[in-house]
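Think of it as A, B, C and D in the order they're written, each chain with its own count starting at 1.
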Amino acid sequence: MKNVLEVEHIAKHFGGIVAVEDVSFAVREGEILGIIGPNGCGKSTLFNCVLGQLTPSAGRVKLDGQDVTGLTPEEMNKRGVSRTFQLLQVFPELSVRENLILAGQEHKGTMISRLFGARDAGLTAEADRMIGFFRLGHLAEAKAGGLSYGQQKLLDAAMAFMAGPRLVLLDEPAGGVNLTMLGDLKERLRAMNAEAGATFVVIEHNMDFVMSLCTRVLVMAEGKVLAIGSPDEVRANPAVIEAYLGH
Amino acid sequence: MKNSVLAAAFAALSVVSPALAQEKIKLINVVELSGAGATAGTNWKNGIDLAVADINAKGGILGRQIEIIHYDTQTNPGNTRAAVQRAIDEGTYAVLGPVFSGPIGASMQIAQRAEIAQIVGGEAAGLTKQGNPYIFRTSLSQSAAMPKIATYLQNGVKAKTVAVVWVNNDFGKGGRDSILPELEKRGIKVVADVSTEQGQADFAADAIKVKNANADAVFVYLNEEESARFLTAAKQQGINKPMVGETTLLGAKVIQLAGAAAEGVKGHVGLSIDAPVPAFQEFGKKFQQRFNAISDHNGLKGYMAVHMVKWATEKQKKFDKKGLADTLRGARITPKDEPGIMIETKIETNGDIDRESFLAEVVAGKQVIKETLPMINP
Amino acid sequence: MAEFIAYLIAGLATGAIYALAAIGFTLVWQTSQTINFAQGEFVMLPAILILAMVGFLGAPFWLATVLGIALFVLLFGWGFKIVIVDPMIRHGVLPLAIATMALAIIMKEGAKDGFSAEAQNFPSFLPVQTISLGGVSISLQHIAIILVACAAIGGLQWFVTRTKTGRQMQAAAQNPNVALVLGIPVARMVMLTFLINAGLAALASVLISPIYLAKFSNGEVIGLFAFIAAIVGGFNQVRGALAGGLIVGVIDSLAAAYISTSYRLAVPLVLLVIIILVKPEGLFGRKEERRV
Amino acid sequence: MIHSSLLSRLDGVFLTLILGALVLWFVPAGMGRYGTYVLSLWLVTAVAVMGLNLTLGVAGLKSLAQAAFMGIGAYATALLTTKGGMGWLPAFAISGLLTFAIGLLLGFPALRVKAHYLAFVTLAFSTLVWLVLRNEQWLTGGVFGLSNIPRPTLFGLKLDGHLAFHRFVVVATVLLALALWWLIRSPWGRAFLALRENPVRAASLGINIRAYTLLAFAIGSAYAGFAGALYAPLVEFIDPSPFALSASFFLLLMVVAGGSGYQLGPFVGALLGVVLPEWLRFTGGLYLILFAAIVVALLIACPQGMLGLFERFWNAIRRRPMGRNLPLREEQP
């Protein structure tokens, strides 16, 4: 199977503190890779290094075999990689639809057409499709800031799909979402994976969520990779049990 | 309490009473009461208030009391223009002010279009060179004063080299641009040309620079406070060359602020409350009494401005706005005809002023007049 | 050389005053992440208040000084925080910064209309003689200003780093939430910061007014230079403000001497731009790590 | 339903602009020269504030050089129409382009470091511009300024009189306001807003932060240039004083006091900054203190400025009779 993303020996230091140390893994086309690990083990820092929010201290990132280390977040996004953040990151002043249009507008047309062309950059239909897909239909006109936490999480995820990405990195999509919404979210993500053929990397704390959603799981501890494999393999791995599940 | 109620009742009555209200003649003063020109403008305004009080106490102009209104320009040309326009729209008899040349330049066409006299405190040479027949000065222009200083530097101080310290606003730059050619004409070399900022507080570096230039004399052309600060800094740096100035440097305010550092300062004085003219000194006392402050030359200018209006109105015997300007143009006003003018004043047809002026020196904390200079074209 | 030393001392004396005012920017920045655009007026006003005490109450000068400074610290330390900072701090920094601009107008116009539009003499507590050393005229007043200002700033630095209250104050300023958890009386500590700011401004006012004269418009120049000094030195450090003030004072003095008097003001500003491009956190500032 | 509410929101600003223009076209007829002049000055100032509102209110960039840009525009127009003998319209266009280009040049190094530092760099720039205007007398007239700046003749119409010029200013202001109205509703406007609210998230959505930041700053600066091009013929005289650093502060004050980020905020802010002090003149010498105190009180009461206050008030009235807006609930599958 083809690798979409290859992470090779990534390390990140803040002053004297080592947040990520020599992490390597590959993401295969079409899979949902979960990343788990205790708080502060470097998961989010790893994401930030891969996507250009931070410059890694060492190592390379390859997208489709091409070196993309050190590219800016917007350049990564232009290459079909999108993400969500651990904390909610929707634009509260904009409506749900406007949030989605914003997420897609830079992938359509030119700077000129974005100034003189249609206000919605021709994305209303696509946005409404996404709204329907994530079952936010009755809220299209509502300001994102007025939505419930779970709804905002859905919108946050929906925004990551607006540009039709081939690789999506989701940072704790289930964090703080209540149980009813959780099932919904999982189902939508799975559907997205099946229908759009997008590849996912998901950081998550919720074990059930990860184990039931992901095809493979990577376990991190203290900035390093502890194990990688199918959910069952990981569950059976003694090192993982010792370091993480055991407690 | 009772008194104030009564006073309010009287005030209300007087507003209602048409006879009284009609009699007032409206004068609007547009001047710098905030921003960079606030000090000069406040003196000008106080001089005007004093003149209006004096005139009203003596029965007004042709029997009508003056109603004076002051509009602040914030030393901003755009606002000045608005205020002058407002003054004209509200039917002012003449426009008084402003003092700074920039705001004057921004507003003088408006008074010209309305054919209303504008009596200003500006000294920059360019104002009267634009062929505007409605602009009138209240003091010598810099192009008239600077030759006198240059001659004094040549003959009185016998300086071969001069350091020039000036404030980089329209007043200082205008003076500097006027004196440099005059000095050159007289073979005096300028060895340091030091520009300073309006409102500058720290003159130590400038004083050191002047000291190192080692000129025979220092010509200081700054506003009052800056003059005092510079003199103090010069004394701190041990400069012992003669300090020569024009009007402001020898003003009472500078002497008060600079104290011992002003000792021995000499130069040319146009309008000064210390000049050997009894009316000037009396004005100075009245001003001090009323405002608890020492008037600079702008106070005198403001006082004279109102009396120019009074004299011309009484001369034309009516309140005709255009006639006021026509009467002032080319006029000669003597203190005998109009005591409030204080010193014989000739108004040129372009709005310039000609008067006697003085050479003075600061001795024992007092301005002492050494010589009286005649009018340029008597 | 003698000439250079003369410029240097004059520049250091001016710079010491800028430093005192710049610390005010630093303190207000630390506690409220905003810029007090009235900082220059904070240095202008105490001298006016003192003179007003002499004029209106007929108090002797020393008493007027004590009363004037006390009144100023009350109004513009305590009052400033209660009336202006507290209600607005929750709504972001911009409205607060704008309010301080309006406050500057009120202070300036108030001093002009309430006291005088003209400059006034202000007596000096310091020696005013000039001594000559190796061909250089040195004003004792300048030397004294440098010493007093440095002592005050040194004292503040000592207070902040070596005393318990000082450290609590620093903690409250830098991370109020953590400080609260640690049991530090944050509100009181923040108030203390504002009182110290007002006190330092009053000190600068008393030091500088004998030379600059007391005038309502003095704050504009001092405010601008102190602001430049704070940026140059680094906005988040007390010693940065001291260094920034001294550097800006000296640069300004040397610029007047060796560059152009009419472009004198440009030199510290060009320095400022260079520092921003090369070392954005200021010469002595702490780097704030950019996080997601 | 979706469309009608969208349209009504969109037309609120649009209609206000058109109606306001009509009113301002006719209103000065009975006002005299002074009133007309103050109205024109208000509109010209509003154009500069509009630009700053885009930079600050929409895109969240703090610029302290808006008055300096206005000065560049004013001097460019004054020089081109007097010494250059050019018509007003090309001078106006050049003023805008020039300030736009300078905005790009200035913003590029400053924003390379951190958006935050734009404030400091523009502070320095503002003072440097003022120094050049004052010192380079051969070009700018120095402290004596430039006088006799002609009022334009457009399409054969002489706009010399106060009323004709005022109407010209009204038209120019409305056109500029509508252009901005269009811009803010375009995807560009959405991107500007995104970089104010959350630049990190915006970048992750492929929005080119640096390009949009530079554009927001440069377009805002160009509006100051346009305002300057209108200011010069309005006052017919310019000198460096209205373009000093303090004037930039004052424009910032107008943005915030009017309502930062609100599209009509600049008009309200400039009304506060230009017309309120004129109106307060009846109080005599204390009018500036009073003005400043009103601003402080307004900001304490409502840090979102006049329009923020208005919006709060409006919501309060609307809610009461209609019943509260129901809180949005989570979808129940």
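Here, a contact is a pair of C-beta atoms (placed from the backbone, for glycine too) under 8 Å apart; a residue touches a chain by one contact, two chains touch by 3 or more.
Predicted model, so just to flag it, every value in this text is computed and none were measured.
Looking at subunit A and subunit C, the chains that touch each of them are D. Among the remaining chains, A is positioned farthest from subunit C, on the basis of C-alpha centroids. One simple way to say how far apart two chains are is to compare their mean CA positions; for subunit A and subunit B this gives 74 Å. If you average the CA atoms of subunit B and of subunit C, the two centres end up 36 Å from each other.
Annotation: 40 Å between the Cα-based centres of subunit A and subunit D. Per-chain Cα centroids separate subunit C from subunit D by 32 Å. Residue positions of subunit A with contacts to 2 or more other chains are 53, 85. Touching of two or more other chains is recorded for residues 109, 220, 262, 265, 292 of subunit C. For subunit D, the set of residues touching two or more other chains reads 134-135, 200, 285, 288. Here subunit C touches subunit B in the complex through residues 3, 6-7, 10-11, 13-14, 109, 112, 116-121, 130, 132, 137, 139, 141-142, 208, 211-213, 215-218, 220-222, 252-254, 256-257, 261-262, 264-265, going by the rule given at the top. Touching subunit A in their complex are the following residues of subunit D: 2, 5-6, 183, 185-188, 190-191, 193-194, 197-198, 200-209, 211, 327-333. Residues of subunit D that touch subunit C in their complex: 56, 62, 109-110, 112-114, 117, 120-121, 123-124, 127-128, 131, 134-135, 200, 245-246, 249-250, 252-253, 256-257, 260, 285-286, 288-289, 291-293, 295-296, 299-300, 303-305. For subunit B in complex with subunit D, the touching residues are 33-36, 70-72, 74-78, 81-82, 85-86, 88-90, 101-102, 105-106, 109, 124, 126, 130, 168-170, 173-174. By the touch rule above, subunit B contacts subunit C in their complex via residues 34, 36, 38-39, 42-43, 168, 194-197, 199-202, 204-206, 208-209, 212, 224-225, 228-229, 232-233, 235-238, 253, 256-257, 259, 293-294.
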